[in-house]
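Below you'll find a set of structures to go through.
Both complexes shown next keep chain A, but they swap its partner, so chain B is in the first and chain C is in the second.
This part shows the complex of A and B:
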């Protein structure tokens, strides 16, 4: 049957050659990003993250001068330079808020689709299991970048609004101009995004194990907490360099002049290892899984 | 989209769905047991069975969602699940009810699912989505979030998803679930028009009247096994039929029927005479049995005054119950 002969299927005439896949099939990636960043939950997560620098800035603005050396690093410098709101907020959000939001997104990747039942329709479309897994992980990575970026940009914005902005003194003692400081904020956001890649891979794997997204989300967050607790125990010092959270706060090198990339590459290598291991586990689990939801 | 067109990846095939020894075990439980399905090309194939008889598990295996414990599957002449990339773009499916992102609109949901396959042309996506929505009568609700859809609307959207691209095979699992009588009618008409275009339709259902109305073939499952399969008229025929004679001469009628090798039994009398019935298994199919017209001739020749004569066939429902068990005592 030729569909072009039937007027009622004119709309479908362009898709007749079902055997030929087109291009790289990036449609699914775009669709994933649109669904992820279009849904209200993602916006709520990003808004909650943006609230952290706002709270810090407002608290500092309303209080009298913060004594030097108390509270989180950089806190005492905010009243002189608003850009420090961004640095402070990014530092503060590393242990809990960023892993929490990333856990929600990464834990939801496969389990969320399974829970809605859309997983079976994506696979029947067919999306291809490996391709779907890659796209889902890419979506989680995009959120890993968006989350610290939101904290940094919201921090810079609220800092600039409430406090004077001027040259920033780095940890090395060098002074850089505000545009350069903004670049450093972006660099730290990139560092944190890389830092969260390993946790995302863990979340992706956990997400292939269940059809209850909340379970995978909670498990991912617990894993990040456990990793940080282990990192605090001196008895386990041999283990510390292998914990994915070990370098999470190691972005101080990005606040020196000249820039030191050692911690960035070390962190990236460690995260790549986690991505490889948990990516392989997720692949092994998902490719053979019976989709019964 | 035709299999016979000879384009790359397409080929001719005899059976649209063919399984051999298809088995699925969950632990010790055998959900599907050595299933040999044969769905001819162009058929509207009713897949019947009580709840829990393994219909949906079978469909999941056909579509590559679940792996078979044993046996082989061929769809459109190609092996599943290994060749899913060639097969599935040509198959539309509604599996165990519709499922959508509640926070997206109906049309956004279809866009999303259409984007999932590399085989669907992005350029025609909008036109195809609009067309599919129109075919199921959802154009007016295209921009509404699925969250606000009724069950029937979701069901229609699920069918629209199956129709996004031209398909050679449609697998519809309980397509009229949740639909009102008008919606049911529309689905029936849709299935008929798709079948008229040459699409093979595989409908699972427990609504027998529905299957009886639209299907050309059927298979009946019970407790994971296939208990009957074939063209619908054959299925009905293989069930027993009875003749029913209304006559004032019950005695001569009984002896006349007995002479033909039948086993007549008296039935409650009617106002216009006594009633004698007899089982007539395999009506017309096997040569050993007398044809109805010969029975009447025989009765009349024997001096029986025949006031009424009927051949009562089992309905598909009777046949279904005979195959799968009565009431809640279905075989588990």
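This part shows the complex of A and C:
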């Protein structure tokens, strides 16, 4: 009977500290980012990602010249231009390493708190479930941006250390100067960050389903692998444009002259769709869920 | 929080509500309401996919662009197309073929200009899908970029200088045209993958259209977002595999925007090439100034280079369509053709060496070897739009005709 009144009373309560929730959201986001990037695990993940370009660069440095057309794209260019380490490393990390690390972070968002028993304390504070969900997703997105950036910057750094750096030949045969090439590396990192947003939303939803974070992490990684396998099957061609991994290797379009934005916009639209769908699912699940831990 | 005051308000409200007996019944229990609200929480999860699906479906409905175009006769449309003067534009062309040939890897190690195997490249062009960006500035400046995944093949012409570049092996080829050359030399032996511009394709079809073909104008179509006339060509004979050719002619400029070739009895086109986007603005001039990138191997091609004479019978290396192939073969091997119009059969004698090259290719490619079916008298490479017969004695017969016609031609003295 009294419940009909609750919204009103809560409304007045909200109105009295109208300034508080907004500040609270930002401070919650800030503390989430601090916790995420203060974690030893996050640093281990980023270090592992940074090790990929280092491994590639050292291997190329120690071995003889790579014949053109063998191995992943750009590998044969590394010995002439160190900046190609960044492109090669980002290319190599797309199918497994980036989804793996993002899966760990996204799968941990809600389930991790539930597993530690801290979720109910977070919700006792007048944060609200929706805001908590948004903040958690924002944290996962921050990692999505940090991960490819780490690969790209570590690649450029180790490449510059071990190999000469000079004008970069694009796929179109045109040549750009190193500062512009650095810009392209940042663009590709942004492309990959957008590419991983959909997977993060899937991970967030899976994370609301369980209190076992490892389960959500593993499920997220499996989803990314399944999506990529389906993308390889010619029999499922009708499905391909709908798979969130469909545009993952499309960042090559950012290495053409003039820049080809088609795959960037297509990818952004697709990822936005995934974020909307799985965000709504995560909302439905998390808001109606009984928080027991 | 301030629970005390809440309780106070609740208490007050309880008293107020008790004063309204009618509200008591429907009010129900708190658990019911919670359940109702829980149901509401899932509404976004249902509506978001529904909205996305609705948006997608709305996007697939072909946009009916305002007013219908003024009616034109086929002759008007052909004249419109023939008289178009659009030589400055940039656009994206998509080509797709479903000929029934096995797909070859689009970016194999042999895809570079210097090392390309002509026939294998031609078959690669004939299968699957290709996207190319085309930039043209007048008749003498052009750049075509064949967009592959993480690779690109370029043909750049500026005046008499023509450059070919493949990112796969970072190889460059250069050609200086004779002073009077006016056509675009897109038929480089190694960079055959440039889907032809719709212009070129359409002009060939229009030239070939004679009494053997019924020409009509179909309902208006949209191509690259522009309203276009739909020129339909249907062979009057049953002796060809081609059922229908549809050419979209831009209503505003007369520029051919797309070409679709449908096999006889099929509903979907077996071959289509057309602009998916088109801008009539002048492209950036810097695009046409090509300098070989550092570290690239540069091969100098002579205009009289043996590779350039690739139109010799039986080496269909750089022809994007079977019709092109047939036309080129006809041109070079006029004395070897039988039949006319759509039913033309091209016969290549054994000494031309084409058969041995084709056989070498078949031997080197198990997928293709599988596609070449043994028939009495030889083997047949069969596609939706054309057939190629390799006889046991080394001759080659090809045409847009059923296999029986080729066999009959091979049996004829």
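Just so we're on the same page, the second predicted complex is superposed on the first by the 269 of 293 C-alpha atoms of A that agree within 3 Å, B and C clash if a C-alpha of one lies under 4 Å from a C-alpha of the other, contacts with A are read in each partner's own complex, and residues count from 1 in each chain.
Definition applied: a contact is a pair of C-beta atoms (placed from the backbone, for glycine too) under 8 Å apart; a residue touches a chain by one contact, two chains touch by 3 or more.
Note that this is a predicted model, so its numbers are computed, not measured.
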Taking the superposition on A as described, I'd like to know which of chain B and chain C A:43 touches: first, second, both or neither. neither
Regarding the shared-chain residue A:249, is it in contact with chain B (first), chain C (second), both, or neither? second
Name the contact category of A:77: first (chain B only), second (chain C only), both, or neither. second
Look at A:288 in the shared chain and tell me whether it touches chain B only, chain C only, both, or neither; answer first, second, both or neither. both
Return first, second, both or neither, reflecting whether A:261 touches chain B, chain C, both chains, or no partner chain. neither
After lining up the shared chain so the two structures overlap, which partner does A:169 touch, if you call chain B first and chain C second: first, second, both or neither? second
Looking at the overlay, what does A:28 touch: chain B (first), chain C (second), both, or neither? first
Have a look at where A:280 lands relative to chain B and chain C in the superposition and call it first, second, both or neither. second
From the superposed pair, tell me which chain A residues show up as contacts to chain B and also as contacts to chain C. 1-3, 9, 13, 126, 288
Considering the complex alone, what residue numbers of chain B touch chain A? 1-2, 7-10, 60, 63-67, 84-86, 88-91, 93, 95-104, 111-124, 127-128, 130-131, 161, 164-166, 197-198
Can you list the residues on chain A that touch chain B in the complex? 1-3, 6, 9-25, 27-28, 30-31, 35, 38-40, 116-118, 120-128, 132, 288, 290-292
Under the stated contact criterion, what part of chain A meets chain C in this complex? 1-5, 9, 13, 68-70, 73, 76-77, 80, 91, 126, 166-167, 169-175, 249-250, 252-253, 256-258, 260, 262, 273, 276-277, 279-281, 283-284, 287-288
Considering the complex alone, what residue numbers of chain C touch chain A? 1-2, 6, 9-10, 13-14, 17, 24, 27, 30, 33, 38, 41-45, 47-49, 52, 92, 109, 112, 133, 145, 147, 149-152, 154, 163, 165, 167-172, 284, 287, 290-296
